[in-house]
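There are two complexes below, and they share subunit A, which is joined by subunit B in the first and by subunit C in the second.
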Partner chain A sequence: MKRYLIRRLLLAVPTLFLVSVLVFALMRFMPGDVATRMVEGHAYAPTLAALRHDLGLDRPVHVQYLDWIGGIVLRGDFGTSYWTRQPILNEFARRFPVTLELALLTILVSVVLGVLIGILSAARQDSAADYLGRVLAILALSVPYFGLAVLVVVLPSIYFKWTPVWTYVPFTVDPVENLKIMLVPAAVFGVTRAGPVMRIMRSALLDVLRQDYIRTAWSKGLAERPIILRHALKNAMIPVISLVGLQIPLYIGGSVIVESIFRLPGVGLFFFEALTRLDYPVVQSVNLIIAAMVVALNLIIDLSYAFLDPRIRY
Partner chain B sequence: MARRAPFPSRLFLAAVVLSVLVLASLVMAAPALAQAGAQPKRGGVIRIAEREAPGLDPHLSISFLTHSYVSLAYSQLVRFPNGPEQKSPTDFSILPDLAEKWTVSKDGKTYTFNLRKGVKFHNKPPVNGREVTADDVKYSLERFMAKSGFRDRFEPVTGIEVVDRHTVKITLKEPYAPFLNHLANPSYCAILPREAEEKFKDFNNPDAVIGTGPFVLKSYEKGVRVVFERNPNYFMKGLPYLDGATIDITPDAAARLAVLRAGKAELPHIWGWISPEEARTLKQTNPEMSITPYKVIGQGFIYLRTDQPPFNDVRVRRAVSLAIDRKSWNDALLFGEGCVDAGPVPCALTDWKLDAAKMDPAKARYVVGYDPAEAKRLLAEAGYAKGFTMPIYHWPGYVVPWRNYYELAAEDLGKVGIQVELKPEEYGKYISTTALGKYDKAAMGPSTPFTEVDDFLFGRFYPELPTNQSHVADGELTKMLVAQRREMDPKKRKQIVDDIQRYLADKAYYVYVPQWPQYVAHPPYVKGFRHHDGYGLGMRLLYTWLDK
Partner chain C sequence: MRSRWARAFGIRWLALARFAPEAGGAAAGALSLPAQGEARSRPWWLDVWVRMLVSKPLGAVGGVIVLVMLAAAVAADWIAPYGFAQTSLRERFITMSTSHWLGTDELGRDLLTRLIYGARISLYVGFGAIAIGSALATAIGVVSGYLGGRFDLLVQRGVDAWMAFPPLLLLLSIMSLLGPSVWNITIVLGVAFGIQNSRVVRGVALLVKEHTFVESARALGAGHLRTTLRHILPNVVPTIIVVATTGLSTVILTEASLSFLGLGVPPPYPTWGGMLSLAGLDHMYRAPWLAIWPATALSLAVFGFNMLGDALRDLLDPRLKGG
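So, the complex of A and B:
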């Protein structure tokens, strides 16, 4: 276990290095130029040159990369935004709790819904409940979350003069108000992510329910509920956990749109605005931090398999 | 018996009739008078749903959002009229702001500004409510000219001299008619206190936003909300009426309209703007809402590489202009409410606009006319009887109706034999190449809504400027462009501007497309919020009050 952990941590270093190079290069390949963007249609040549110099964009590309990555590795300095001139790490730290809460609530909604319907579908295979569950899963898979989010915001405002868009309040300030604000976007996002969870849950549980040890449990006269909940569910959860792990980047990516529509001041919105403004240091550093988190979460998920299935050893 | 003199009785009769008329007119006009004379109420906080500004430093950012946000907190030397002061939404006459009066030397090269005495910065550390002096003006102008992306606006300035505590003298290298307009534009030179920069490095930190404007920045939670409170020491006594203003950061356009509908915001935009289409649906869902259309300083055009074939031939450019059916566009997309006579000076810039109707019709038709048969004839005369193919580079992300505009342009030009290949570009590329004149043959898009006519003339037509997107290099025109910005007499300058518009009419350097109105929407209890096309949200809120 210890060796596995060390090996995985060492592997993370080249992974993150490649991510840093890739993100840095992709930003430079993006059409357009941030300095020109900053002065837009008003640009006259002397201003542009001066601005490029101010931003350090007149230096060779490799010097710009080394300056950025060197700051992170040697000093823990993730740089400052071109536009706001504010430290990126401070802004990320301030916004991260919002995105984390949204992601956790979304996972909660998607797992609770997906697992419950998945269990019901598997336990009552080919019944009306199973068909209904499968239809709901396909529907959830088919509806884009951004479309659903806009409908949830706009339709009540037209018909009821009400909209679930509030001004954000942190959980630490007012938990009740915070949950009121966060639950609707989490539900919208979570419902659309529950579809794949339900389908994986159903197929994994059906597979486990046909295994010998379950048949033995039936023959010993155990009731359906303990068989499913105590014996089958734990094993069937492994692919579900894998799926949730794989979906984490999707939760971060999706937060860009959801935060924008529900005016939540999270990392997704921070990243999106930086991308549209070609704010290179913000896009690079936020990407790198999120990549590091995804690497760490994948490791945690891999380690959790050993807990769910004692036969798995590292 | 003495006869009564007839004259007094006629006088008496006239007096009676007059009294009746006056009384009747008073009765009839009572509601209007009551409305006009409605006493503004003090108090209340206006809520505005808007996107986040990229920063708060008015000299480091060129974003209109930044300038709109901080316009609540800062003043300038001079300003544009607002509320009851303005004659129209594009009234850019110059009023005193921090400068109570000013003089211009006879040669137009020296401006002397006398500052109001006793005007104090907001009472926040490290400035702590000290008085504004001429040193602050010199510091702010020099900082703007050193750091702002708009610094070229003050390029003719050669010296700023502090004469005494309340007098500052600015010297220019040549007469420069747009100077006062640029000083009054809230996008340019806000007057800032030096101590705040010394403490906070720049003015992006919310604690550094210390000005002399009508509102004081109380708090800024990034991504959430900006809160302004009334400045109790504002130098215009009794103003503003509002206790405060909040800007609730709302990035999504659909959400901004939804919060207006749901009563969670008074303005869905810093100008209160919604599109004509949104206005129609809002009227249906919220009939109580105040929704008013205004002409705005917008402009859209097809720009052509006039330095290269085929558009170096005026006949081809005229053919392109005659191929565009502006009236049909206006009817189909803008509910007939747009302005088809959209260039070179925008329709809304009424003080400078020379309407096509007042020009020689034979020339004006190349600005507003539609004649596909003549377009074909001109193309044949220029050697393109079988037409040709041209690209139109553009950014497809501009708001409605731009996406339809690109398609309609392609369709109309196709009818006269010019096959258009629409070339959509990513915004970063478009704004840093195509919009600055780096494209092949033709492109299409909107113009920044400037407040100075010089930007639409000198900026668009002076050789070698990046904003001269059509690469115009016309000696005769260039002389007039320079002359209008050096002419300090407004009447004489207007004559030159008129001459430029007449001269440009049949040149078709740019092909202008109809400009749509913007609808200003807010609940009926928002009073005194008069639309103004300048970038000063603070000034638009100065006379605003809430009747509830």
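So, the complex of A and C:
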């Protein structure tokens, strides 16, 4: 276990190094110049050369890279935004709870819906309920979440005079008000993600229910409920958890769209605004932080298998 | 309900199958060595469609949706009632009417026309990206899997790094720098698709490489190039087809989400994602059909490609089944 952990952590180092090189190269070798835009559109500095010097963009590329990555590794300094001159890490930390809450609520919605319908579907295979569940899952898979989000924002306001709450309130200030704001986006996003969860849940449970130990449980005279909920469900959850884990990058990517539709001040919106202003350091650092989180999460998910299934050892 | 019908159909199909030898074994045949004197009434690529009609009705429905979309895309110039950028300021925000079946938008452009042309752009980008991506995935996957060793290790760490990004963030970063255009988005989506799926192709190439027929080809003096092209590649093709068809819906959806954010296909070209876009949100309060129709079209297309892809996957490559 310990050796496995160390090996995985060591393997993460080259991956993250390549990520940093990739994202840095993307920002530097592609067309589009932030300095021109800042001087011509917004008069940040008298001349281009002065601004370039100010931002350190006149240095050789490898020096810029080492400066950026060195700051992160040695001092935990993720740089400052070109436009606002604010430290990126502070802004990220301030906005991250919004995105995290959105992601957790989304996962909650999709897992609760998907697992419940999946269990019902598997327990009554080939019944009308099973078919209904499967059709719902396919529908959920097909509807793009941003399309659904636009409809949820637009249609109720026309026909029921209801609009989502637009002013964000942090959870720590007023939990009830905060949930009122977050639940609608999370429900929209979660419903469209419940489809795959349901399909995996159903097929995994069907698989487990055909195994010998379940037959033993039946022949012991156990009732259906404890067999499914206590004996089968735990083993059937493994694929579900790995699916949710695999989808986490999707939740983070999707947060860009969901946050911009519902005007939530999260990391997604921060990233998107930085992109439209070609704010290199923000785009680089946010990409790197999130990639590091994804790598860490994958490790946690792999480790969690061992707790769910004692046969798996590392 | 199903079982009775399934049984009836199953028996009828069995009876048919007796007259069409090998029909049932084609899934395995597609994966094993290419035709080694096996008597087969139909080529496998034709057989797949016949079996899909019978055993995967939803896949067939998906196929019909895809065909309709293809027809709309190809015939857009003839069947669309107006031009896609033809504005008419006197006819803004018209609801459904005989002259504009699905209504008009804030510039008086006909919505049905734009949906039809939208199908063309979606498919153009989708097929283009998949073609580029499949070629790239095959090249990376086969070479990396076949050569193995240090080269493989290096390439796979690169793929790891790419996959550590949430896909949308990376694509948004690239597109914002390149600028929105049909070409850019097609290439970017293609490259992303290719790198991601090279893993799958590599996995299959690794398996195929170990077969004795590869060894015997080498022993007979075939070079690396000949071995990969003539012996590895044909056995990887079914997997590539599966990956490509199941990937189409994802690619179309990704293009739509990028266009939604204004970083995909630029105006005036109509795309479903662009029609739904954030920028047009204010108009949608006045004319909800501006949101409803593109969302419906997009859902239908994704549904069609998903069902078709799933069915093809089950029929062509039973190992990837599930989910």
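What we mean here is this: the second predicted complex is superposed on the first by the 303 of 314 C-alpha atoms of A that agree within 3 Å, B and C clash if a C-alpha of one lies under 4 Å from a C-alpha of the other, contacts with A are read in each partner's own complex, and residues count from 1 in each chain.
Simple rule for what comes next: a residue touches a chain if its C-beta (ideal position, glycine included) is under 8 Å from a C-beta of that chain, and two chains touch if they have at least 3 such contacts.
Quantities reported herein were computed from a predicted structural model and do not represent experimental measurements.
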Checklist entry - Mind checking subunit B and subunit C on superposed subunit A, clash or fit? => result clash
Checklist entry - Of the two partner chains, subunit B (first) and subunit C (second), which one does A:154 touch, if any: first, second, both, or neither? => result both
Checklist entry - First (subunit B), second (subunit C), both or neither: which does A:283 touch? => result second
Next on the checklist: Just to be sure I read the superposition right, which of the two partners does A:235 touch: subunit B = first, subunit C = second, or both, or neither?
Outcome noted: neither
Next on the checklist: Is A:85 touching anything from subunit B or subunit C once the two structures are fitted on A? First, second, both or neither.
Outcome noted: first
Next on the checklist: Output check: A:144 vs subunit B and subunit C. Expected answer is one of first, second, both, neither. What do you get?
Outcome noted: second
Item to check | subunit B versus subunit C as contact partner of A:263, first or second or both or neither | outcome: first
Next on the checklist: Just to be sure I read the superposition right, which of the two partners does A:250 touch: subunit B = first, subunit C = second, or both, or neither?
Outcome noted: second
Next on the checklist: With both complexes overlaid on chain A, does A:304 touch subunit B (first), subunit C (second), both or neither?
Outcome noted: neither
Checklist entry - Once the two structures are fitted together, what part of subunit A is touched by subunit B and by subunit C alike? => result 30-32, 150, 153-154, 157-158, 260-261, 276, 278
Checklist outcome for this item: Seen from subunit C, its contact residues with subunit A in the complex are 1-3, 58, 157-158, 160-162, 164-170, 172-174, 176-179, 253, 256-257, 260-261, 273, 276, 278, 281, 284-285, 288, 291-292, 294-295, 298-300, 302-303, 306-307, 322-323
Checklist outcome for this item: Residue set of subunit B touching subunit A in the complex reads 52, 54-55, 57, 60-62, 149-152, 201-202, 204, 221-225, 248-252, 254-255, 257-259, 261-264, 285-286, 425-433, 435-436, 447-448, 465-467
Next on the checklist: Can you tell me which positions in subunit A touch subunit B when the two form their complex?
Outcome noted: 30-34, 36-47, 51, 83-86, 91, 94-95, 150, 153-154, 156-158, 161-163, 165-168, 260-266, 269-270, 273, 276-278
Next on the checklist: For a test of understanding, state which residues of subunit A touch subunit C in their complex under the given definition.
Outcome noted: 14-16, 18-19, 22-23, 26-27, 30-32, 126, 128, 131, 138-139, 141-144, 146-148, 150-151, 153-155, 157-158, 196, 199-200, 203, 249-250, 252-254, 256-257, 260-261, 271-272, 275-276, 278, 283, 286-287, 290-291, 294-295
